[in-house]
Amino acid sequence: MSLNSFGHLFRVTTWGESHGPALGATVDGCPPGIAVDEAMLQHWLDRRKPGQNKYTTQRREPDAVRILSGVFEGKTTGTPVQLMIENTDQRSKDYGDIAEKFRPGHADITYWQKYGIRDYRGGGRSSARETAARVAAGGLARAALAALVPGLSISGYMVAMGPHGIDRSRADAAEIERNPFWCPDAQAAADWAEYLDGLRKSGDSVGAVIEVTVRGAPAGLGAPVYGKLDTDLAAAMMSINAVKGVEIGDGMAAAALTGSENADEITMGPDGPVYNSNHAGGILGGISTGQDIVVRFAVKPTSSILTPRRTITRSGEDTTIVTKGRHDPCVGIRAVPVGEAMAACVLLDHVLLHRGQIGAAGGSIGPAR
Amino acid sequence: MSLNSFGHLFRVTTWGESHGPALGATVDGCPPGIAVDEAMLQHWLDRRKPGQNKYTTQRREPDAVRILSGVFEGKTTGTPVQLMIENTDQRSKDYGDIAEKFRPGHADITYWQKYGIRDYRGGGRSSARETAARVAAGGLARAALAALVPGLSISGYMVAMGPHGIDRSRADAAEIERNPFWCPDAQAAADWAEYLDGLRKSGDSVGAVIEVTVRGAPAGLGAPVYGKLDTDLAAAMMSINAVKGVEIGDGMAAAALTGSENADEITMGPDGPVYNSNHAGGILGGISTGQDIVVRFAVKPTSSILTPRRTITRSGEDTTIVTKGRHDPCVGIRAVPVGEAMAACVLLDHVLLHRGQIGAAGGSIGPAR
Amino acid sequence: MSLNSFGHLFRVTTWGESHGPALGATVDGCPPGIAVDEAMLQHWLDRRKPGQNKYTTQRREPDAVRILSGVFEGKTTGTPVQLMIENTDQRSKDYGDIAEKFRPGHADITYWQKYGIRDYRGGGRSSARETAARVAAGGLARAALAALVPGLSISGYMVAMGPHGIDRSRADAAEIERNPFWCPDAQAAADWAEYLDGLRKSGDSVGAVIEVTVRGAPAGLGAPVYGKLDTDLAAAMMSINAVKGVEIGDGMAAAALTGSENADEITMGPDGPVYNSNHAGGILGGISTGQDIVVRFAVKPTSSILTPRRTITRSGEDTTIVTKGRHDPCVGIRAVPVGEAMAACVLLDHVLLHRGQIGAAGGSIGPAR
Amino acid sequence: MSLNSFGHLFRVTTWGESHGPALGATVDGCPPGIAVDEAMLQHWLDRRKPGQNKYTTQRREPDAVRILSGVFEGKTTGTPVQLMIENTDQRSKDYGDIAEKFRPGHADITYWQKYGIRDYRGGGRSSARETAARVAAGGLARAALAALVPGLSISGYMVAMGPHGIDRSRADAAEIERNPFWCPDAQAAADWAEYLDGLRKSGDSVGAVIEVTVRGAPAGLGAPVYGKLDTDLAAAMMSINAVKGVEIGDGMAAAALTGSENADEITMGPDGPVYNSNHAGGILGGISTGQDIVVRFAVKPTSSILTPRRTITRSGEDTTIVTKGRHDPCVGIRAVPVGEAMAACVLLDHVLLHRGQIGAAGGSIGPAR
């Protein structure tokens, strides 16, 4: 069963462990004729790459992606695209201690209990390193979206680090690329830098909230009732390491609203329906409305920390653990490009699904023609 | 494509519209030899049934489920189980207005834009009535779980209505069945009754937060990295009508914690690992730990309200809409048994998957034997 | 897992047993806006219906199909279509003997060994009666194909009964509807009538070879390398009860040819490529060429016969069995409309897949434009 | 969509083109704890490797398989296993002519018509080279079967080359490994050598019939009605390049039998049911009986031949083609290990499915205990 796969028509299977020879993504169902090359994919991987500043793990890997199949003379052929990233900086010796002890809050213990065997080096398959393959696949999805849905854009950014949220009245998209946190609020970014520095020095870590906005998606994407656009986005984001919550539009806060508050009223504009608000996050009944699609997810703090925690060994003895090695004090930072990549894959998937199910357009709104 | 299906090995496909002849669930992959009959399923449907008190829609349907296949002499045979519920109280005349106008916050407009045709009567396929089929399937899943994992229990309850949350220090499981809101906090339930009465009279509606706890699930359930237990739970809950957010364990609040706070420390107990807290909601790396599994979701307020809202017609004219008919002022109430049912289906599915992938148990913890 | 389902985008799940309350097909993925009603489906079911002449089982059922969902005001809505056929003539008492004894050549013993429980009445799920659901789904697929691929036609016919094949030089499509065997060779049909009469009287049965030809399918359908058009056709036909072999084009005989004989040479015609022969059966590399698609399958003789055969009981005792009841002396006759239905479903599925994957057309042949 | 994948729980996705950097198989769902290394897989690849004798293509590739993931310290971990084979001897210049002309009987034209782009070098994705990935995956399946079903064996062999079949009365399993054709009849092998030599010299090619026998499979494998064991075997074999027909047991010949002839009578033996014949090929109702499972398939002659054939160019001009390069005069020879590999994958898949669906055993036959 493709339990390491996601997507309906654009189907991504990731493979590989943190400290094996390589990892990658096998992508089946990419339409033919899409212009793509390794440099285009590398652009997105470089955004996620660790070791770029003091706030992410100091593991240094080129994370160079290779296209092994499915592309001929610069274009996809409609056959599977194999994207491989070799692991080059593996330093296995750093991880000796966790072969025997389970890190609290980490998948160490559950992988052991499930499989009876685990590649403990660097977290093996449960390492955040697996997300590099997602970013590579997301780059391919972006290339296909650019060809199929011109004008669609996907932007991820951090809206809270630990207990410190951004001030949305100060948010400016142009800031996102200007700080190491992909934070749209320059003031918050400055505060976070100081906050995280303190945490890092104290050997602790912290969580974060990431938001991804998709602009320019047409109305009509999404397949009720179990392949809804929001259902697939929720699954995609929840599958990212350390994610504990997912929200669409107002998310959990929608529960506190009344029906009259929550209704995104509609008026008719020159180009179709205009919504006067976007509590729904661009999705009604699992189908896109044409508004901005807004998805948000919470990343818990890195569980590999220098602060000693009580735990047990594989042979059942009580002990404590201090996780050395190179770990991100806020793994949520690197989750930003991952969230974007997942959104890109899900959107492309639903563009293809819609085309298969519906062919051309669905119903139009306006005077009968 | 089974876009109206969920589950890997225990695969549920729901079908049917609010005002068609019938609706139901086609369940493929139920293990053979499970004792089940219509009365056992009816028990769960009766919990969800509308018209039971003044807080839910006054539509009165017996919602009687029939088993059309897959059960022989009181036991499942391993072949597909067809569960059908006939629609008897359809009063289509109530819905005349919404044939032409789109309700704000409702799937009316997106179904039209996607498909170019929609059964507008009572919301058609996007009606909350679809969830009756889920509850029937969930009843079957519960029967199978009772046979395969004795001791596992699933309990749903409401933890917030609109802005009013429960006080967890007052929570008492015994209260859940004693009020119409499945609320574990008797005081909150009393307050909600008054609050909802006011809303109902004013023609408005409100959202809610539901929590489902699974007790007694073994460690090892869940299939990383895209068939994780939390990923599947998130998708299952997000697929329910009107759900806008899903959380596992601490959920969105996990982002505000430090790594040392978030670590559920482990000590060795007489029967295996003991966790000193449960921020993780019973799932690490997508695999169950053996602790309580805790999933929470937010239901937005019903969009069919008596308060007038601005909208447009199918021919593109601005107008206002007042939705008469029989609607729930807090559709979240009826979402409680639906959330339980979805949890039951996902859990059973992962029990079967684990058995297929792993056979017997995975790794043990304790002195080498 | 949808092990009772087939199809990628047009996904058919059949459910139901021979002697349960009903059986049917849950069809997910039918495009919206397709004109269909019960009478259109009934047309195809009536062709398959037993009891029409002395060569098929005398079980008399109206086999009336009901559409329970997915169709509104005479058109599909893009939501699941539930097709139900109630079982009315069940005479369970006829089947008492086979509750304890396993019929040689029948699924009785393997269902028991697999599931440890079986609905023995009339073969339960393994009854040829399950194919009624396929024919209903095939009717829906034909309606969609008529809208999406005008000019496509599907014709099934019998080319051999037992050892007696047709003479292809005498074949005439107009004959197919004129005899109870869907035989294109009038002389063969007359011979078969006499032959089958003798077999029936002696309490024996016989096999058959069925061929299905699809005309008017465009080039480009089929998804290499494991969703090939021929792969899916082979699986579809092999899944029909009692089928033991499937051939595309020359089939098994292709093995005896040389490469120069087998090459279907190509010349350029006014409307595109013209093939001078069709050894390939209209499929190269798993993709349709635009020629006639030809698939053939062998149906073994009915295993329920009046001739005594040695067998064992469930408790392991040697015995003999004589299967009374109403059985087809040549179950292959009723397999003709079933083969057509399966071909219709597979073709529609690949039309939708192609549309989803490729969008409009693929590569053109001819002078650069 | 995983259209380049097969299998339910043991899911194999092959990727790669004949003349790209590499090809391989992404295998998801392999149980953990299976002992496997590259040498074990290489053993099976070496059997398929071209250039071993004058009867197969003279392309010389080491076809060295690398395990990139999913194996740790010599055992599978339950995570995806990536098997990669680099392409080293690509000689693209040999294939210049087929960039513009379509080979009759080859997928050249249909890939072009479908995708509008194709990697024409060596057939690209439609090359028989893709089957190397299947053989690697089949090696992994064999390793898992050895652990899970001790005593199960899989043997493929050729039973006809062109019009020349073996004499089954002379068949001897020990001969299979002694001649380049995997032929169990030494006399036939000698005749074929001479026959094929003549064909090769004349620049022609020929088809073949391959049979695969699985011994030692337990009763109860197979999932009716669309995941039947024979359905999955038929799809698996039909998906192999150049296969035009698939048979189970008596196959197409079953059509010529009467019910009394076809019934495999059953008596009770000391260890369970004993069948007095095996017309069914070990499968009844899609479920294994415990007898030998027998599947047979026809491979058409190689379409790349030196004999000139009429065809057209991409720009629509009539022409003739002579395919130079290194091609197998009887591609069926190399299909033998491929058929074995596909059988291994399908069998393992159904072993895992059965375990997931049924748990332990199904029904027993014998005196009540």
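Labels A, B, C and D are assigned to the chains in the order they are written; within every chain, residues are numbered from 1.
Keep in mind that, in the parts below, a residue touches a chain if its C-beta (ideal position, glycine included) is under 8 Å from a C-beta of that chain, and two chains touch if they have at least 3 such contacts.
All values reported here derive from a predicted model rather than from experimental measurement.
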When the contacting C-beta pairs are counted for B-D and for B-C, which pair yields the higher total? B-C
The chain whose C-alpha centroid lies farthest from that of chain C is chain A
Rounded to the nearest whole Å, what is the centre-to-centre distance of chain A and chain B, using the mean of the C-alpha atoms as each centre? 25
How many angstrom lie between the centres of chain B and chain D, each centre taken as the mean Cα position? 45
Could you give the separation in Å between the centres of chain B and chain C, each centre being the mean of its C-alpha atoms? 39
Taking each residue of chain A in turn, which ones touch at least two of the other chains? 1-5, 8-9, 14, 29, 32, 78-79, 114-118, 125, 224, 353, 358, 362
Complex interface listing, chain C residues touching chain D: 1-6, 8, 14, 102-107, 109-118, 125-126, 130, 160, 162-163, 199, 204-209, 219-228, 230-232, 234-235, 238-239, 241, 244-268, 273, 276, 279-281, 283-290, 298-305, 307, 309-312, 314-318, 332, 353-354, 358, 361-368
Chain D residues touching chain B in their complex are 1, 9, 29, 31-32, 78-79, 148, 224, 352-353, 355-359, 362
Touching chain B in the complex: which residues of chain C? 1-5, 7-9, 11, 13-17, 20-24, 26, 28-29, 32-33, 66, 68-70, 72, 75-82, 84, 114-119, 124-125
